[in-house]
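Each remark here refers to the structure printed beneath this line.
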Amino acid sequence: MLNQLLTDIRAFLDERVHPMEREFLNTPFITIKPKLELLRAEVKARGLWAPHLPTALGGRALSLTAFGQVSALLGESPIGHYLFNCQAPDIGNTELLHMHGSPEQQAQWMIPLANGDIRSCFAMTEPEFAGSNPIHMATTAVRDGNDYVINGHKWFSSSAENSAFTIVMAVTDADAAPHKRASQIIAPMDTPGLTLVRNISVMGEPGTDYASHAELRFVNVRVPITNRIGAEGDGFALAQERLGPGRIHHCMRWIGICERSFHLMCAYAVKRELNPGEPLALQQAVQHWIAECRAEIDAAKLLVLDTAAQMDAHGAHAARERVSLIKFHVAGVLLKVLDRAIQVHGAYGMTDDTPLAYWYRHERGARIYDGPDEVHKTSVARRILKGYGLTRS
Amino acid sequence: MLNQLLTDIRAFLDERVHPMEREFLNTPFITIKPKLELLRAEVKARGLWAPHLPTALGGRALSLTAFGQVSALLGESPIGHYLFNCQAPDIGNTELLHMHGSPEQQAQWMIPLANGDIRSCFAMTEPEFAGSNPIHMATTAVRDGNDYVINGHKWFSSSAENSAFTIVMAVTDADAAPHKRASQIIAPMDTPGLTLVRNISVMGEPGTDYASHAELRFVNVRVPITNRIGAEGDGFALAQERLGPGRIHHCMRWIGICERSFHLMCAYAVKRELNPGEPLALQQAVQHWIAECRAEIDAAKLLVLDTAAQMDAHGAHAARERVSLIKFHVAGVLLKVLDRAIQVHGAYGMTDDTPLAYWYRHERGARIYDGPDEVHKTSVARRILKGYGLTRS
Amino acid sequence: MLNQLLTDIRAFLDERVHPMEREFLNTPFITIKPKLELLRAEVKARGLWAPHLPTALGGRALSLTAFGQVSALLGESPIGHYLFNCQAPDIGNTELLHMHGSPEQQAQWMIPLANGDIRSCFAMTEPEFAGSNPIHMATTAVRDGNDYVINGHKWFSSSAENSAFTIVMAVTDADAAPHKRASQIIAPMDTPGLTLVRNISVMGEPGTDYASHAELRFVNVRVPITNRIGAEGDGFALAQERLGPGRIHHCMRWIGICERSFHLMCAYAVKRELNPGEPLALQQAVQHWIAECRAEIDAAKLLVLDTAAQMDAHGAHAARERVSLIKFHVAGVLLKVLDRAIQVHGAYGMTDDTPLAYWYRHERGARIYDGPDEVHKTSVARRILKGYGLTRS
Amino acid sequence: MLNQLLTDIRAFLDERVHPMEREFLNTPFITIKPKLELLRAEVKARGLWAPHLPTALGGRALSLTAFGQVSALLGESPIGHYLFNCQAPDIGNTELLHMHGSPEQQAQWMIPLANGDIRSCFAMTEPEFAGSNPIHMATTAVRDGNDYVINGHKWFSSSAENSAFTIVMAVTDADAAPHKRASQIIAPMDTPGLTLVRNISVMGEPGTDYASHAELRFVNVRVPITNRIGAEGDGFALAQERLGPGRIHHCMRWIGICERSFHLMCAYAVKRELNPGEPLALQQAVQHWIAECRAEIDAAKLLVLDTAAQMDAHGAHAARERVSLIKFHVAGVLLKVLDRAIQVHGAYGMTDDTPLAYWYRHERGARIYDGPDEVHKTSVARRILKGYGLTRS
């Protein structure tokens, strides 16, 4: 059944998606959005929509291991996840609401998300504090009657523009233990006092709509207390919980990018000639890159799938160490593969005629967003060394 | 005297240039151009204009070693070379016309270039052929009376938009020995039949004016034979000749980018706190990157300056091996330093608030343009191995 | 059942093997051999002997995947494989005779090998020819009545000293197609004309007995034609056949070395103090190495096991590409892990008090023996690129 | 004059030294020592002896920059420095006594060292403490009348066997400030209570005589107070002082190893054939290694020479940052070059027929001895970051 799904998705990518990527890469998101919406409708019509979702929400209730393989496939196109409604941060927000949302929250926000009728964002990182240490934040949500009044400054809220709502992380009890201080609260984007200051120009592009990263200001933003997700002080615990599956999604998406880049590299190497009848593919340097990339992609993919299988079998907590490992390991493989694929393409690899340059600049963030490599390495090592008797940190 | 010049240039960069870089990074070139022109006027007024030029052309006739140090300094800003009229490809075109241009060519094209009144471009690479092997090209210039009639297709003609003229490499005798087939010919950009097809979108930006890379078409472009530079068939020899000094310019510009990135990395590491009172600079990973970058930048800089000194003393030919070595070696150091500087900056390093992201994406071309690393490595090795008795290649 | 076996082996390693490794590392093999023989007897007595062998030969008929896990465990000690009679090249010779030996060959040579009563070696590489291209060899076996008369020069015949016999690769038909020229022939080491010229000094050690690499000369060495294994001209095909499982064995042994080195590194990092109360384990550089090693070992192990599973399911031929991939990929991980483990140990890591220095110098050969990395990379890439239409090589 | 010296040394290396290296590599030092002594006599006879020494001591009073070039040349042979009496630790001990020894110490110990009549060692590192933090040591020298009574445990005292004396670092005032606690004291090796416990087996070799690393025990070792070098408590200051020039010596010796390895790699690549008429030198992978090595060696060499020039001009203190930089940078280049040279040699590179395997295993210590890379990187970075306002460490 999974194999059939993968076959159907690949067919759709080949027929309908890959042929329009070059246009996508050279057009603002907001401009090309109507075309994308038609494709999304087609995905639904083919019964391929959001297969990670429970069946009640229109999905196929795939295990993490199974969805990982879907995610790798969607990752082969820069618009794959969006077209199948598997895109971050909506996928995480939907899952969060499914696990911890009230019936009202689910009805109002989760169902439209699952249907792709609205989009959402997540507001956690603050410019004044290092994102790698999320304990520190200045945004507060103060109770006032039946409301929270939120004040604060966030950035790198991806896809905020034209979102229906954001989930904002705010301190609800500054005196609690560090990991119990914050809560996650739904704030409709049109709430008075909530301003999208700018789409941050990232790697040369401020972007638009879904393809953007916003700076947000909250000035006395008032929302009902019932907009809080879970209990007060659960903010970090909920954030932690979404990370596990989120990492699998990201890592498998990166594997997909690797596979596509590998494919483009091989195809171009065979086609492009240095001299008449002498393709690039005969260069030993190119051959060795191809062999090394193949080994690293295969090994990385097995590592992620094995981690997903551990999570499916024993839960995210049991796989904590691995979840950190795959983050930095796969990000490293991703950037190496992209770099080599570009080098094989030469000047053509610098252009926006292929998705390589798009991934090269935007996926540089893979080693930064969601905790920089260095934080993950340190945390993995500490956990391992504790097993050897390390008592300090 | 050189030290005074360097001091004066640094003062100008600090006062007038660095403060406007963020605006530059977030504004199309064509829009910010008027401001840049004012700064260029100021450079002239301060007597710092184009110090590489002969004194007769308004420069200071610096040796390659001396200009290398100027170039490193200018490289610390993404607009440094442009503001001082030291920007490629004009610097190379000016030098070419100075060495090989006829008096008429010099009067018409070189003088205005040296004064910064016009800009120019260079049309060599063709999309149908690997740039790494410039022998193959399809563009032809056929004599017809006192004219050449040029037909062909070029791309990656940097800065073509709004240039006054291009120097185009075209086959003038297809039956000659491979390196004697082509000539370099001046074609005013407004010549009928010469079309700028598009500014190629590179790393997300089609760019404008000076900051662009064009695709050009030549359809029966007719120019007088007197527009040829040097003798017929000298095209490759002239191209080769410009490469030597050009590499020193590029490499020292890259050293400048390294120095600035190093500076930004150190300053940010000290300023940015992970926890109150605990700056990033205390992280051992960051410290080790800084130490390694310092060593690699210093070593690379000495290598380039030593090569420049060899060229000043014995000519470009004597330093051929080194000229290839520095190309790939410094490009490698550059990309490593940039990558680490971004990592230290975290998400901020992905934004266009600093020049790091700009350099990260555009200087990826350092390993590709002007001969990819692999071509240079192979050619250096062959030369070395010939000394050990290698007879084939 | 496999888990029980692994548990039993680990217990034996912990109780009896690891404690005597330091003595092993500081004693010539021939001197410590009697102690090793006692341990081998103990392995037999515990019923753990050579589990890869068919049950009829006293083993457990493990699948490749299962034996891979045993091999990784044995690899944690520099004498693990030898003690369990799983050591190369005997393991390969036994398997070869099991698959292709005549009943007489099996009775005379295979049974004593399986019992550990004798040892054997393999004579393939010749000093005059690059080992990476085994087609070229000068050793000949010429029929003379019912005998072959063998003449030639071999080296890197590992473990030849005190072997009962060698299997020698010799040209039996110089006019055949390149891969049909050679045959594999059993030559007892005491055959007149067969001389062990020297044990080659490798990384400072000529070595003795099992722990040695010999140079052999064959001068009119006469053996009966019935000593040939398989059909005449099958030499390469048989060599190819042994490579598949052999790579799994090697790679899993390397994984075992990685695991042990990782363990030593973590334990030492926690124990060794830079200042009172401040163990090395608190250094971020050490932490990051540990995290990176963990990720790379896990990924590499999964890659090898997946390859073994492919071979168990579909045969060695189906897994050809992967078999080349794991060779160079795991060798690279191995040397990186060893290098870091030594660095953490400081000067202590240079000594022969731990097995790290032993592995560091002898496993450098992992990237060379059995086909250098570069050959494997090229061959993998060509196979992949053929799938993209590459027709030349 | 320097050029003539270099020419003379190279001639001696070519004629007399390189031809006997293979014998050296396969013979215990103590056995081959008589031959080496004859060569040392020849060096003296040719007037090439110890050119770093002041003329009064028989040398040529070379600047650090000039001697650096000599050292690089001597480094091309594993016995170069020994034959010219430029070997560590004698070179450092001689210099120390020259700068800080009393006239009696100079007469008794320095003159014979300079003449090559005796050898010496240095006893600093202790097995119980991390060598990377030399403040911590347990060896004490307690005054008793006109004597010091020394008790302690040292290891990695290189070349102790058959040395005439050691200079031992011992705590003379445990209550002083950390860097004022220790003194350097001369202890003749035949002093009662001073025992050479063992030559530590390093990378498979306990070694002999000069080529060894000893573990020493001091039990009530009594020496006159006049054996102290410099003032009491100056131990660290003197140790620090010797480090500067010592690093230049080491780094230039490593450059010499790089040059020789590069030479061997190129020569072998041209000679060794993969197929008839197709040398290894045609492999692109080999070509790229050669090009990369050439660039890295050249850059590293310029960095060391520039550092030496800084020290010659402004003293060791002024070049402190650079002195740390070159230590880890050149060590890294060295090990990379060695690794590649071995890979090009294949199995032959693993043997002791060339010096590559000797250097590969013993120069692994380059990243450890004399302060591991990590310590140097941290200390350089802290110094740099202090310039950016870092106040903690």
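We just call them A, B, C and D in the order they show up, numbering each chain from 1.
The rule is short, and it goes like this: a residue touches a chain if its C-beta (ideal position, glycine included) is under 8 Å from a C-beta of that chain, and two chains touch if they have at least 3 such contacts.
Every value quoted in this text rests on a predicted model; they were computed, and no experiment measured them.
Asks: Measuring centre to centre, with centres taken as mean CA positions, what chain is farthest from chain C?
Replies: B
Asks: Looking at B-C and A-C, which one has the bigger number of contacting C-beta pairs?
Replies: More contacting C-beta pairs are found at A-C.
Asks: Between chain A and chain C, what is the gap in Å from one C-alpha centre to the other?
Replies: Spacing between the chain centres: roughly 43 Å.
Asks: I'd like to verify one number: the distance from the centre of chain C to the centre of chain D, where each centre is the average of its C-alpha atoms, in whole angstrom.
Replies: Once rounded, the distance between the two centres reads 37 Å.
Asks: What's the distance between the Cα centroids of chain B and chain C, rounded to whole Å?
Replies: Whole-Å distance between the two chain centres: 52.
Asks: Pull out every residue in chain B that's touching 2 or more other chains.
Replies: If we look for residues of chain B contacting two or more partner chains, we find 283-285, 288, 374.
Asks: Help me check something: in the complex, which residues belonging to chain B touch chain A?
Replies: Per the touch definition, chain B meets chain A at residues 25-26, 125, 127, 130-133, 136, 155-156, 200-205, 272-276, 280, 283, 285, 342-343, 346-353, 357-358, 360-361, 364-365, 367-369, 372-374.
Asks: State the interface residues of chain D toward chain A in the complex, per the touch definition above.
Replies: 283-285, 288
Asks: Taking the complex as given, what residues does chain B use to touch chain D?
Replies: Chain B reaches chain D through residues 266-267, 269-270, 277-279, 281-282, 284, 286-288, 290-292, 294-296, 298-300, 302-303, 306, 321-322, 324-326, 328-329, 374, 376-378, 380-382, 384-385, 387-390, 392-393.
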